[in-house]
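Order of writing sets the labels: A, B, C and D. Residues in every chain begin at 1.
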Amino acid sequence: MVYERKVNYYELDGMQIVHHSNYIRFLEEARIFYLEKIGLPYSYIEQQGVMIPVLGVNVQYKSPAKFEEIICVEVSIVECNGVRMKIAYRITKKDTGELVLTGETTHCFTDTTMRPVSLKKYRPEMYETFEKYVTKK
Amino acid sequence: MVYERKVNYYELDGMQIVHHSNYIRFLEEARIFYLEKIGLPYSYIEQQGVMIPVLGVNVQYKSPAKFEEIICVEVSIVECNGVRMKIAYRITKKDTGELVLTGETTHCFTDTTMRPVSLKKYRPEMYETFEKYVTKK
Amino acid sequence: MVYERKVNYYELDGMQIVHHSNYIRFLEEARIFYLEKIGLPYSYIEQQGVMIPVLGVNVQYKSPAKFEEIICVEVSIVECNGVRMKIAYRITKKDTGELVLTGETTHCFTDTTMRPVSLKKYRPEMYETFEKYVTKK
Amino acid sequence: MVYERKVNYYELDGMQIVHHSNYIRFLEEARIFYLEKIGLPYSYIEQQGVMIPVLGVNVQYKSPAKFEEIICVEVSIVECNGVRMKIAYRITKKDTGELVLTGETTHCFTDTTMRPVSLKKYRPEMYETFEKYVTKK
């Protein structure tokens, strides 16, 4: 599943390329888009009393994106055991296919009080959806 | 009262000057600093069940600030009748005194449910502090 | 002409509404979109050696936008004499039509060295395009 | 060497904690502060025709920072061979010492045209300074 978006002017830094912190935000946009596409929109997750905080981010910058370029963010769940989930990303430029970034985010699941839960027990149906979409890297 | 801070690299835009949206954030920093200095730290305001949302922003950009420059934000309350409050700002460069921005933000007061209140009736003591610091422009 | 976009999670603040500084960024997105639609894409403006810095921002916040809401930004040029230009905005929620923000940005025109120019003399064709789209408020 | 700064209101997200992308910006602030302290202020690096782009970011979020908390960012260069450099970070809360984040950024060195260089050959003196400050993890 691919999430597309244009680079905004205010996302550039003094080198006229996207500031490296902003890609972390693009990953969040893409992740939320992806979850909606697989039947888990944010509003549903919230209503189920589940939160999915970010535990870690690991990204490699390959080539900088520039103003008005359209980037494609490929998202895939590469691990999910109900306690931890790992999501992988690959950003390319729409025009040229040039690789911009590869990376992963790691997540856990919590209830609304921020206490970690095992999704398998806490919300088995939601767990099954995640599990169904796990793809080997 | 003057709030000082350095310009960060990630606050620049593609022209190597502070992106114009970031000054709005500097005003917020300076406003919170100012309120603390006059005896109204955010934690106290919150604990009193008061919120002070922004109703309007009006700024004139005079000269751009650049990376690592130290800017001085002068803050003053120019109007406060307990229902509305107007705060004025003047940003200059510490080194040269050059004028960077002049502007104003307009605010109202609400309770924690976001319902507007008259501070004079709702929290008379807090109102008196605000009133004491109103300075003619 | 209307520019649409969804509110991202990272654009919220601690009150779960869009932080007021981010609307200034939405106006920039909408302005660039608008200029492209009237035949003045950023790349063309840049290639003509023209820059259009922001001299002032004046916005009134009417009602806060929330996560995943789609906002519509209406853009119109309300004044342009080749030396100054005023652009007006109106943000509403797509679903309900509720008014989120009204505002204006003021601009001048400069050459690539940031020296102000009269567009009428400096780039008459570009001036004519701007002029053609001026709408009375 | 430790860099201290307060959390700003606009750095929070809808959960009233610092948005995870903002820590990447705090690391940049701390890195620039650190380089200045070891005798390599940004202006000097720039004047030497050197750029130090970020190749990768790897962070683990341990505990969220909140509004007005003061965070301490410990910075150390853990590897530098003149082609690659690895910098490690540890963020704690000033008040409680609680661990907020651990992480690393990876960098290369380029000339002003963004072409990678070996700092050892290109700017031997700058290389020596970096080398002097490498600390084993």
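Keep this in mind: a residue touches a chain if its C-beta (ideal position, glycine included) is under 8 Å from a C-beta of that chain, and two chains touch if they have at least 3 such contacts.
Here the structure is a predicted model, which means the values were calculated and not measured.
Both subunit A and subunit D are touched by B, C. Chain centres were defined as the mean of their Cα atoms; on that basis the chain farthest from subunit C turns out to be D. Chain centres here are Cα means. That of subunit A falls 35 Å from that of subunit B.
For this pair, subunit A with subunit C, the centres built from the Cα atoms lie 30 Å apart. Residue positions of subunit D touching 2 or more other chains, listed in rising order: 9-10, 21, 25, 28, 67.
The touching residues of subunit B, counted against subunit D in their complex, run 8-10, 25, 28-29, 32, 42-43, 67-68.
Subunit D meets subunit C in the complex at residues 9-10, 12-14, 16, 19, 21, 67. The touching residues of subunit B, when paired with subunit C in their complex, are 15, 20-22, 24-25, 28, 51, 53-61.
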